[in-house]
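In the part that follows, the structures are each spelled out as structure tokens.
Both complexes shown next keep subunit A, but they swap its partner, so subunit B is in the first and subunit C is in the second.
Moving on to the complex of A and B:
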């Protein structure tokens, strides 16, 4: 059986960054497996600017951002396989993949970095009432059809969900001549970045209906119209608030879910994130298996995905030179009321190699809050935020010098400023 | 009366809440770029335009493009018309200029990826 030191599943932003950092940590036997016909992942279809402000200190489009990392991979002669699908993985890190050139291949990896990104919640994930015509499509798929393949999926569009992809597509389809009639968001606040509300909706006079959802899909074969209704605080439609829109397309931008199937099949424990539970080194409960990027938890900025990929690459390299048999004595990281999740979910106090970055989200918009990382009575770090909203990930970093009690859980709390 | 305009800065994903008065005094910005944005947004709002152009002699069918600088908001659709009239032949270099000084606006339309074939 073929062997490889570091097998990276996914050649998007997380996987590319992981490959580069593993190489730079001294490893050479690295293989990236990518299911698409090009590296770069979802960045290839994100043709709008706004990427790279943290990573490169300049504003790039998605393809430019991808190309920089692809160039780094090429320069290091890191091996990759395109059009390649991973079929299975065992707890011993035997990974089976297939492609047209090699057929079915099984490789024994010393470490596996999962960087498979996420997929879109679709019509099947929510109870959309009414008919089942064509014309109801996820926003990211419509984006791929438009920006990669060159097909505009509709002329008259409504968007359900105010996630960033939906907002970006509202502008994109408007620019290509479609009429976007509105965006409905079931929550009383938007789930997209503020800047996207401004530059994608406000700029083009596209109304945003907060606390609204689609309550009827109408159309025999093709979508003909939709009805939206206002919802109450329990998200139940309020009778009498219906509005009708004649549209040929309903785009769904209702959330992303980590593509964690490979680890799910192995029974690796997951969190509310739907990604694996990991320690600060991004290692899952299988020694030598790492997870990073959107398969670990859905990020709002690619820059943070790259940063996470780099950590995974570095830690995988460390594992190759110094393998760990068992992971024990890890302490739990416990999010308290008001915080929907924290990554990492565990801290390994015996393997702290640098600053520990906690990434988390609030479960509703808050103003003037302190985030406190603590153990018992000891406050490890406090961070003040004027505005905290669920769509923007919060990062709080513990310096490497922080003294962590190996016998106590780490608590993450949010408190209003007094 | 000096009116205060509430804006959301779009320079970076942080999205600072700006207050800009009619005398162009900006508050609420997190960095100096917010001041520039706040003033420009009241005087002459501008945006980058990104889209795709038809690509031939390539395995890919669309070439992603962007304006090399911001254009006035009112000119966005005219710039789109120019992009939609383009046909580009591979190979293409990253940031290759496809249209110089589009519509006399002082910015170019450039490729945002390289295409070997």
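Moving on to the complex of A and C:
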């Protein structure tokens, strides 16, 4: 059986960054497996600008951003296989993949970095009520058809969910000549970045219906119209608030879910994020298996995905030179009321190699709040935020010098400023 | 003039066609959909009932038990996924033990072996069942099947044995002519000496085109949840509540693909094309299922759907010629247990009626088997690699949720009952059936279809005629690669 030091599953933004950083940490035996025919992942279909402000301090499009990392991978002669799908993985890190040239291949990896990204929540997963005609399509799929394949999926469009892809597509389809009639968001606030609300909806006079959802799909074969209704605090539709829109397309931008099936099949524990539970080194409960990027938790910005990929690459490299047999004595990280999740979910106090970055989200919009990272009575870090909204990830970094009690959980709380 | 024209290419039409394809006959099958098995046959519980439930002496009882017994052979010949996992009909009420005993007695009269088991045995068999379950009727012969593959492979076998199939033909008129009938459809005119009406929820309307009916069909809608793969051993049996007058109740079951399935409710409706779902019904189904299996993870639902049962006003299957029309045979009102009964219905129609109308000379070259499918899960790594060496496309995976290769899709397209739409590919290969619901594979499947049929990508259909996925090419677009 072939062996490899670092096997990276997924050649998108997380996987590419992981590969570069593993290489720069001194590793050479690295293999990236990518299911598509290009490296770069979903960035290839994100032709709008807005990428790279943190990573490169300039404004790039998705393909430009991807190209920077692809060039780094090429420059280092890191091996990759395209059009290659990973079919199975064992707890011993034997990974079986397939492609047309090699057929089924099994490699034994010292470390595996899972960087498989996420998929879109769809009509099935929210039990969208009404008929099931053609014309109901996820926003990212419509984006692919438009930006990669060159086709508009419809001319008269409504969008359910104010996730960023939906907002970007509202503008994109408008520019291609489609009429976008509105966006409905079930929450009383938008789930997209503020800049996207302004640049993609407000600038094009596309109405945003907050606290509204689609309550009926109409059309036996092809979509004919949709009904939206206002919802109450429990998200139940309010009778009498129905509005009808005649459309040929309903785009769904209702959330992204980590594509964590390889780890799910191994029974690796997951969090509310639907990604794996990891420690600060992004290691799962299987020593040598790391998870990063949108398969770990869905990020707002690709820059943060790359940053996370770099940590995974560096930690995998460390594992190769200094393998760990078992992961013991990790302490839990416990988000308190008001915080929907925290990554990492564990801290390994014996393997702290640098600052620890906690990433989390509030479960509703808040103003003037402190985020507090603590252990018992000891406050490890406090951070003040004037505005905190669920669609914007909060990062709080503990310096490497922080003294962590190896016997107490770490608590993450949010408190209003008194 | 064809010897036989079968109206409807659902599971019933398919089994009748296959049964008749054993003989030297000219057979045409018509269907209004753009695929076989594209209505009731694809939206049901996919269960092969054991047969304890139907009233003894009815056609339902007779054909269910006979059909169930045929499935091992049928699925071997047609290469269809089928597992006899057995069913448990459970009750939480002491007083319903008597109902289970009645069902057991009915089963005995129908010739179906069942056992009444205690709470302790139930717990052993199914630890996930609600703890207040007291008794269960265990029917080992009940099974789960791939309903899509069943109809497609059955029709493929019929076509391999000489049957002709024409899709997208909705019957608009039927009139008696000298020596047979003239069938007018939305597309063409056909003539047959014998007409077999297997048009499901529309069977009464189609029959009425010839002469007044003695029966009517009123569809009963049932909705379902489909779960993502999570734990193949979460449930090992088909779990029914005690049936009531409206039917067998909300079933919780594994499926051929290990996607748990929950449903259906039962609602009479007027609109014979209404496959919609609604919030209240789905909530009712969810709550009913949770009463039986409290830990069912509803956050793992990947799909909801509805199907219609072709419920007749007679209470039993209607398999007989129309009055004064011995050559117009209705096979109507085939509601549950229709899927379980289907192979037996095929045989029954041939032996009971067709054999008395036309001479049946066996075909010497009849082949009961289809060309085997390429099932990676049943193949060794070496066998898979040999296949990929012969055809590289089997190494190129298209659907990552269900691990479907380009080769599998090409193979489906090269068969004699090929898919013509994204949905038809999905039914045959499972590409698009997984958690992302086609989010990643649809553009790839679309391109394979376009290439195979030599059409523009814009002309590829999702399902029925005119259900295009792509509306128009953009400026300079549509010309990638």
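The rule we apply is simple: the second predicted complex is superposed on the first by the 418 of 418 C-alpha atoms of A that agree within 3 Å, B and C clash if a C-alpha of one lies under 4 Å from a C-alpha of the other, contacts with A are read in each partner's own complex, and residues count from 1 in each chain.
Here, a residue touches a chain if its C-beta (ideal position, glycine included) is under 8 Å from a C-beta of that chain, and two chains touch if they have at least 3 such contacts.
Please read these numbers as outputs of a predicted model, since none were measured by experiment.
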Which superposed partner A:75 touches (first subunit B, second subunit C, both, neither): neither
Which of subunit B and subunit C A:248 touches, first, second, both or neither: second
Partner chain in contact with A:49 - subunit B first, subunit C second, else both or neither: first
Contacts of A:417 with subunit B and subunit C, given as first, second, both or neither: neither
Subunit A: partner with more touched residues, subunit B or subunit C: C
First (subunit B), second (subunit C), both or neither touched by A:63: first
Touching partner for A:149 - first (subunit B), second (subunit C), both, neither: both
Touching partner for A:28 - first (subunit B), second (subunit C), both, neither: neither
Touching partner for A:198 - first (subunit B), second (subunit C), both, neither: first
Contacts of A:300 with subunit B and subunit C, given as first, second, both or neither: first
On subunit A, positions contacted by subunit B and by subunit C: 146, 148-150, 176
List of subunit A residues in touch with subunit B within their complex: 37, 44, 47-50, 53, 59-64, 66-67, 146-150, 172, 175-176, 193-195, 197-199, 203, 300-301, 387
For the subunit C and subunit A complex, residues of the former touching the latter: 225-226, 230, 273, 275-279, 282, 301-305, 381, 384-385, 388-389, 392-393, 395-397, 400-401, 403, 405, 435-440, 442-443, 457-458, 461-464, 466-480
Subunit A partner contacts - residues on subunit B that touch it in the complex: 7-13, 15, 17, 47-52, 54, 59-62, 64-66, 73, 76-77, 80, 94-95, 112-114
Complex interface listing, subunit A residues touching subunit C: 35, 83, 85, 87, 98-104, 106, 119-120, 122-125, 127-135, 137-138, 140-141, 144-146, 148-155, 176, 215-217, 220-222, 237, 248-249, 257, 259, 261, 264
